[in-house]
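See structure below.
Here the chain labels run A, B, C and D in written order, and each chain numbers its own residues starting at 1.
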């Protein structure tokens, strides 16, 4: 789960990392008063709280010289849409004077199987360009989680980057705090960009991104609560309630795919793409799906606008075919507006499952994934033909 | 032969008295897997499906000489259970649970490496040497004994491939569920020496997917050390781009690592046969085995 | 460094492990008053604070029913000698009622390279007999220091020993405390025997032994200070001041051996023993000995009562031969009562060293360890001959 | 060949600017060891004995491609320095310091094993492949190239043996200071496969001593896997009994493990030649090599 900027900063605060003074607005009313109450001095920066790249260039970060400008910006930005995402909160902060901008993050490096610290003395909005054009300006150091951030880790960053030994204590403090946050809060990423370096050498987190491991959210009730503030497609939220993963794929498609693993979903999309069939969405059931869960899953994907064809591929070990079939039957019985479902399944209790599908209108069994793709393709042509014929 | 699991396997089931644990222990027993003990804290002294249940893995090992363990425990308890098995000296541990916190597995993996333990999963179907032993919850009816050594990050793509292989009369030596999570206990490259050494294995199949560099590292090893033919499939060419991991994601993947293109290139240059679909995997394997025979 | 019982109990207290109420006496005056002030009820147990095995059987543990008996026992025991060691402190404790006696220890297992927990439901003075005769009653479990004591560790001890699940929380608490003590205080051993099991299930450490890693003492100032209370041969103390290890070997010997490593010392003793020459003491210089340190080392071993022959074997990498020789020369010059020194050395600056020995009276060079043993043997025969001639 | 260190070794000296570090770096350079870098925090950018000095091991590795490190650092800093070298990806680390806290080494050893790093010492003279490279502070003048692979817990007994071997014209392939502490980074048994494989090594010498069971474990491996002749010496038969480790010491050693008698018995039964003194080691080796030649 990716946190919004202001949520990331709440965590920074918890772990003793300085952030610029600021206030969160989730209503247009009384913005100037809230800013005054928080003790902010103008000029202030108004930042739309949305998880999109290039937020600044899209107009999501603006400067207000006085309360009037602030009110105007808040009115324009709050509840507007930025790159398709609704802005539900604004973060207003004081403008920070920076002698330098650094980049600092900790990423879970899947290849090394341990956290990796990334540091650059050239932080700020152009960090990705720097990564491409001057990779030497970006340092990467693995951190052994059985040891943690050691003195030599910080010494290396300071020495190799050339920022000057006087920064060592402050950088160590910042990195150790960020590392504690990273490990204690099950992060996949904890990023500060830029780290503002004040003229007196103090460091502050001016902007940040935190990505928390979804699988670990259950043990962080406070982080789980932060999801309330996020804007996400309603079907994603609906699916999550059942621990399904709903993945929007393309707005144009008529076909949804469903499976009990992301690998098969990817294969289905790859095969349908080869036949130039656009996929609208994919749903990963995870393992151990019961008929009730399957019913919900079918209902959710078929409620995707524009979708009238569902291709299910279940090769079950932990999933039982009879439960899958029963779930499909139940969902279609409850009403699905004439949508078709192609079911390919293999595994425990396969024959029972196929028998159930066989007596379910609107549902068809396929003998394999390739056959399933062929049936889907024929269905689409046939219905297109019917449409043409009308 | 086959690798990892076989007739010599003496298996413990951790979580044997749970719903999934019971169902799949029954399946494993029916398949002929030598399940020697179960572990459920607080249920020591009972029997489940005729198998003695112990409170702790250490007691189970002492009493039965078990040499492998499979974990049917919820994701949130996986770390404690895996550590218990590692500490008890079990040399082969198979974890299955989905939604395991990644940092939990990260620590388990390091502890396993320190002890020289082979830890598999999580988010895996397990390991099967068809006709000998299954350790996990795979739908074993589709597997048949034969010359193909297979490992896959995805369970479903593996099943699909194996199903078609078996339909065409091509069996498998051992199939390994590497697991779909960010940090698997064991990755492709660590299993290549075993498949290369295994006499039963004639063709190696790697089913990878986008993300990470497990396939790239396998390619390096294959180029240097593997003489058997390798068929590889990378799923996810047309998958929607995930939302990026802050700037860090872009920085780390600046060289293209993780993309299907990069992986296929690395594997192709290492001499692997690149398949475009599970069906294509089967065709390539069939061709290679036919060639072998002539 | 092995702590005295009362010192071990001070550490148990620090780590939240219950110990019987008690008071330490280091003077015979006012024993009864001190016991009363500590709030102890009679009968009390008076325990001599010496590091010897079989203390109880040697009369070092006695029971007093009232203040009069206490005064008598204190008078007899304090400053007496127990198995050759002077008793400098007494620990007086209340008698503890025990429903059962367990044994619990954590030992640094050199073979596994990690701590090992040893537990037995049959604790008490006969634990070593139990170990020989009924090894199944003693459980050994390694603890991975990267993990610590886990729930399953305690579960195993409870389940396998059959003490009953009701004891699990208390045993866990005890073991976790002991493990924290073990790791935080750099122990080689932390042992509680017996663990008193009260009728209400509470656990208390009735007696205990702690052995702290000498190499780690520098980082535990409070433990270092505990050494003051220990009775040890004065030459051991003198040697330690220079970070030498002085090892008393046999009271009868005339020969001392000195080397820059325990391996060679053992070889020297093995070879001399073969010639039936008794060794009085051995001194391990450690590495990097300078001439000043060698001088002190020679002075210390030659002041051992009865020793008139010193065999030095230095095969130096980090030690330089010229420094060794110069140290020997200085020590002999300062007066050594006619003692002889045989020096065998090899390594850096060997020739210079041999030249110095060559012009030092009372000192002889040997070409090898075997030659050195032969020279020592001849010296002893010759001086025995001279003595006989007188 | 020789093992562990040789002409391919690219060595870092941690603590190069200290008194001992400087003295022994000079010695190592004079012996022909390829010292590529030194590390002393705060002295990066300087040169010591012509060798570039870095603030951190990672910088040194990046700049020089070093593949080994030797630590001339005080015992109390050994843990941090060894961990730094492990984390920086150095595959061979040699520690020398006496009086290293045992629990520090215990943790370093586990971290090294997890990374597949070979960690030696502490309380060791280092490793030398005579005529090629020395990593440590051994008095190298007594070593000569030849067919004897030697490893020793005691530096002094090793020197004595090597001195006599060389005097009789018998050189050494590689000599390893296992170190005298309770928990060495690497023990006999872990090095036996290397000596068995090494073409230069014709006879293996193990110099052990009382305490622990490193010799017993070596004996097990020798029996199963070593075909080359092995000569073993156990020092300490007549050493004074140490004061016991509470009851725990007696419990653990109830079976005689750790005694010279037990070790000699295990090694003898594994087919080793048991020497009674360093001189006897040399006689046995001489006899074995003579036999080999005929």
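Keep this in mind: contacts are C-beta pairs under 8 Å (C-beta built on N, C-alpha and C of every residue); 3 or more make two chains touch, one makes a residue touch a chain.
This one's a predicted model, so the numbers in the text were calculated from it and none came from an experiment.
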{"item": "Any chain in contact with subunit C as well as subunit D", "value": "B"}
{"item": "Subunit B-subunit C separation of Cα centroids, rounded to whole Å", "value": "51"}
{"item": "Chain centre separation in whole Å, for subunit C relative to subunit A (CA means)", "value": "61"}
{"item": "Distance from subunit D to subunit B - Cα centre to Cα centre, in angstrom", "value": "38"}
{"item": "Subunit B residues counted as touching two or more neighbouring chains", "value": "110-111, 114"}
{"item": "Of all residues in subunit A, the ones touching two or more other chains", "value": "146"}
{"item": "Listing of all chain pairs that touch each other, if any do", "value": "A-B, A-D, B-C, B-D, C-D"}
{"item": "Residues of subunit C that touch subunit D when the two form their complex", "value": "2, 51, 53, 103, 105, 107-111, 113-114, 116, 118, 127-128, 131-132, 135, 138, 140, 145-146, 183, 186, 188-189, 191, 193, 209, 211, 213-216, 218-219, 243, 247-250, 259-267, 269-271, 273-274, 286-288, 313-318, 346-348, 368-370"}
{"item": "Subunit A-facing residues of subunit B, complex", "value": "20, 24, 75-76, 96, 98-104, 106-107, 109-110, 125, 136-139, 141-142, 152-160, 163-164, 180, 182-183, 207, 209-214, 217, 235-240, 243-252, 254, 276-279"}
{"item": "Subunit D residues within the subunit B interface of the complex", "value": "110-111, 113-116"}
{"item": "Subunit A partner contacts - residues on subunit D that touch it in the complex", "value": "41, 44, 54-59, 80, 83-84, 86-87, 110-111, 114"}
{"item": "Contact footprint of subunit D on subunit A as seen in their complex", "value": "141-142, 144, 146-147, 150-153, 155-156, 159-160"}
